[in-house]
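Just so it is clear, A, B, C and D label the chains in written order, and each chain counts residues from 1 on its own.
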C-alpha cells in the first residue's frame, strides 16, 4: 500500500512514547496505534518532529517505525528528515522495507532561495529513490524555510514521487487556495494536502480544499469529525465541534511546550503510560497542568470524550 | 501623566488609519480614540508594529502620535523603535513634548546574546534620557530576539525608567510566573506586565499575574471584560467571554494577514473609514473576508457587540 | 549628473566622521572628500551601513549627504535604506534635491522568498520615483537575504531605474560571471557592478567582469590601482599590489570591528580628526591597535603610501 | 591517549575523501593521514562539517573514523554533532571504542539565549558520558549561535570533560584574550584553544594566546610553521610565511565553495585521488580552477611546497 495523491482524512502524528527512564514504551505504541484505528484515522505519521524523532538513534528510529507499521493496517508515513542524504536514504530504505507507505521530508533550516529549496527536494528524491512516495513538510515557523506556492509547484513537477503536502504554513489559507487553483488551471498535477499546525485552522482549511489533517492534537476524534462534517456540507456543526476544542487546542499548539501538553493529555486519556520526554524536554509546571485540567473540564461540557476519570 | 509600574487594564494598540489613497485618516484617528475611551481602556499605544509605524516618515509619525494624544485624556505610549539611537531619541523627545506618557522600544533583530540585549536597552535608555518611562517589547516571534526572565530582570535593574513589559513571548505563561516570582523573592522591583499576541492567552495570562492587555484585537471590549472578570474572581465568566471570541481572535492573530483582518473588522464596526494599509500590505481575499464575516456572525450569537449592520 | 549603468572605477564608501563628543565632524567630511577626489575615485557613496547611517536622525542624514555632495564634483550615491517606504522616499527626495547622483537600497532582513525580494524592490522603486537611479545592495552576510542571479535579473527587468549592483555576496565570483553571462545572452540589460566586502576579492572580481569597487578600505588608492591595472591587462602587477595590502585588508574586513579599524587607519593617515563612532560601537583594544600598527609597518615596506608619521 | 587541555599544535581537519562515484576512498584516507603525520601535525580531527560528516550515514561515519584512527598514532578528535543526544551518544561511544582521543560538539542552530547554550552542552556531556573529553565548536558564521566568553566559561565550569575550544568566531581575537584573561584571574580553568576559520587570523591568534590551529587549509605545513615560529618568538618570519599563503588561504576560506577549493588543491598535491564531494556539493567552475592554479603558481615563488607538477 503506497501513499498516493488520493490520500484523505486524518493522519495523526503519533508521539513516540517513552518510559520515565527514557526507554521506548512499546506497549503504549501498540495502545495508541489501536486507538487511531478505532477513531477513524485514515493513516498515521511517525517519527515527525513532534514524535521526537531527532532524539532517537538510528536503530531506535527503525524499531519504532517498524512497531507502528506492524501494529496497524493503516498506511504509515515515516519522517526521514536528516542532516544529509545518506542518512535519509538509509532510514527511508529501512522504513519502506518494514512496510511504510511513504516518507516525509522537511527542509533543513539553512535553505534560503527558491532554487535552494527546489534543488534540495530533487536531491532528496534521488537519494531515497524514485519508487518511494514522499511528503513535503512545509513548516516555516519551525524550519525558517518559506516555500511559495510556485516553489511547491516546481517540486511537484520535478518529482513524480511527491504525492502530498503537509501544510503548516501560517498564515496558510491562501496557500491552499493557490495550490488548488494551480490544479484547476492545469499547471500542477493534483496532490494530497493534509494540514498541521495543531489543527488551529482546520475548520477553514477543509473548506479551502485541504484533504484533511496531519497533526498531533490529543483529541484526534475532533479532527476526524471536522473533516467528515465539512465533507458532508455540515458547516455549522463542523465549526461547533471545532470551536469547543479551540481553547485546549490553542493551549496545546504553543511551540516547545506543546508536546508536553499533548503527552500529558494522552496520558490522562490512558493512551500513554507516561508523559515522559527525552531531553531536551519542555515540561509542564504544576500550574500548567492545572490549566490543562481546567480546559479539559470545560471541554467535557461540550464533548463527552473529554470527560476523564 | 507619566507611565508608571502601576499601570493596569487594557492599552489597545491603535492602528494607524489610512485613506484609500495612502494619506493618514485623521477623522478615524479621532473616532477610534474616542471609542477606546468609551469602552474602558485605561491607556493607548500608538505607532507600534501593528500601527504600521515603519511606514510613516518622521514628520508623519510625530503628527499621528500628537493627534492621538490630543484627543484623549488617557495615557498614551508611543512606539519609538528605530534603526539607531539618534532617530529613537528624536522621536521620543517629540512624543514626550506632545504629551506622551512613555515610549515603547523593541530590540533590533540582530541582537543575539544576553549581553547584547541588556546593553542595547542601556544604550536606548541613555539615548532617550532618564526621565522618559519606557516599555520593553518582548516579541520573539516577530523580532527573533529571545529574552529570558533573567535578562528582563537585568534590564529592569539597569534602568530605573523601565516601568513595563509588553509581554508577547509565545509560549509565555511561565515567563509571567517567573517574573512575578522575582518580585516576590525581592530580586526584581515590580513592573507592569501587559500582554500582547493578539490576546491569544489573555485568559490565563491574567491569572498568572499579568496586569492586563496591550494588543490590537478588534473587539477590545472583550479584553476589558476578561481583565475585569479575572480581577473580580469570576473565572468561569472570564473564560466564557474569552472562548466566545477565540475563533475570531485566532483568525486575527495570523502573522502578516492579521492587521488586514483587524482593520477590516474595525471598518465593519464603523470605527475606521477604510481598511487601507500602506505597502507592503497583506490584503484579504474575498474568501478571507467571507470567513471573517462568518466568524463575526457566529460570535454575535454570544456577544451582541459583534452584531454588525 | 545621474548615475548610469556605465559607472566604472572606485566609489569609496565614505565613513561619517564624528567628534569624540558624538557631533558630526564637518571638517573631516571636507578633508576626506577632497582626498577621494585626489586619488582618482570616480564617485562616492555616503550613508551606507559602514557610514553609520542608522545612527543619524533624519535631519543629520540629510545634512551629511548634502555636505559631501557640495564638496565634490564626483557623483555621489546616497544610502536610503529605511524600515519603510515613506522614510526611504523622504530621504531619497532630499538627497536628489541636494544633488545626489542616485541612491542605494538594501533589502530588509525579513525577506525570505525570491518573490518577496523582487516585490520589495518594485515597491521601493515606486516609492522613490522612476526618475531616481538606484543601486541594489546585495550583502547576504549582513542582511541575511540571498539573491540569486535570476532574482537580480528580475529586479533589473522590473525597474528601468535600477542601474547598478553593489556586489558583496560571499562567495561571489560566480555571481559576477553569471550576471555578465545574462548580458551576453541578451537576457539582462547591462548594469554596472561595483564590488564591496572590503575588497577581499577585488583582484579576481575585476577579472570576472566587475566594473570596479565600492567599499571602504582605508587605502582606497590600492583599489584604484587594482581596477586600473586589471583594465590595462597588467595582471601580475594588479595582484602584487593587492597581495601587499591583503594582510591589513583582511584585518579590516572583520565584521563589527572592521569600522573601528578603518576609522583608526584613516585617523592615522590624517584624514579623520578622530576615530570616534556613535553607539553601538565596536572599539579597538590597545592590542588591536598595536596589531594594526604592525600591519601598517609591514605594508609600508611594499607601498610607501602606508608610511605614516 | 585521551585529549586534554594541554593539547597544542596543529590538528588538521581531515576531509572525507570520496571516489567520483560517491564511495568512500579509503586509500586516500590512508595517504592523507600519513601526510599529516609527516608534516608535524600534533593531532587530527575527522567528521567535521568540512569533513562532510552529515553526508555519511551512521555506519559510514563509524567506518571512516575508525580508519583514520587505526592509521595514525596521533590523537584523533571525532565530530559527533547530531540532531539529538541519542545519535550523538551512539557515535561518541563508537568513536571512543575505536580509539578516538575525544569528540567535538557543535551547537544546533536553534539555540538562542545564553542559558540555552549552556544547558545544551550540559545535556550533551551527560549524553556522551563524563569520561569522554569534548571540544566546543564555536563557529557563529556557520551555526548562527553566538557564545560570549562568559558562556564558554560557564560551559567549562559545568563540564569537567570539556577540554578544548575550537575557536572560529569572527571577529575572534578579543575572545581569545578574554578567555586567557579568565584563566589568569582564576575564574576559568585552563583549556586548549585551537583556531579554525581556515586559518585566516592564525598569525595573530597565536600571539593572543591560542595553542594552535584546527582547520583544513590545504597546506597545513604553513599552519605548523606559523605555530612554531610564533612560539619561538620569530614574529616577522611567522608573518612572512603566513602572508605568502594568505591570497590562497583567503580564496579557500569562502563559505560553501571553500571545500571544493580545498579538495582540488589536495588532489593537485597528490593527497586525494579525486576532489569529488557528495551532494549537496559546491563545485568549481573552470574559471575558478584556473584562479586557484594561478594562486598556487604565485605562492610557489615564496614556498616551494606549492610547486606542483
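Please note the rule applied: contacts are C-beta pairs under 8 Å (C-beta built on N, C-alpha and C of every residue); 3 or more make two chains touch, one makes a residue touch a chain.
Listed by chain with UniProt protein names: A, B, C, D = Dihydrodipicolinate synthetase.
Because the structure is a prediction, the values reported are computed rather than measured.
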Interface numbering overlap (same over half, different under half) for subunit A and subunit B: same
Selected pair, greater C-beta contact count between B-D and C-D: C-D
Rounded Å distance between subunit B and subunit C, as computed from the means of their C-alpha atoms: 38
Inter-centroid spacing, subunit D versus subunit C (mean Cα positions, whole Å): 33
Distance from the mean Cα position of subunit D to that of subunit B, given in whole angstrom: 47
Residues of subunit A touching at least two other chains: none
Contact footprint of subunit A on subunit C as seen in their complex: 112-116, 140, 146-148, 150-151
Residues of subunit B touching subunit C in the complex: 52, 54-60, 82-87, 89-90, 109-110, 119-120, 123, 127, 278-280
Residue ranges of subunit C in contact with subunit D within the complex: 170-171, 173-174, 177, 200-201, 203-204, 208, 239, 242-243, 246-247, 250-251, 254-257, 285, 287-288, 291, 298
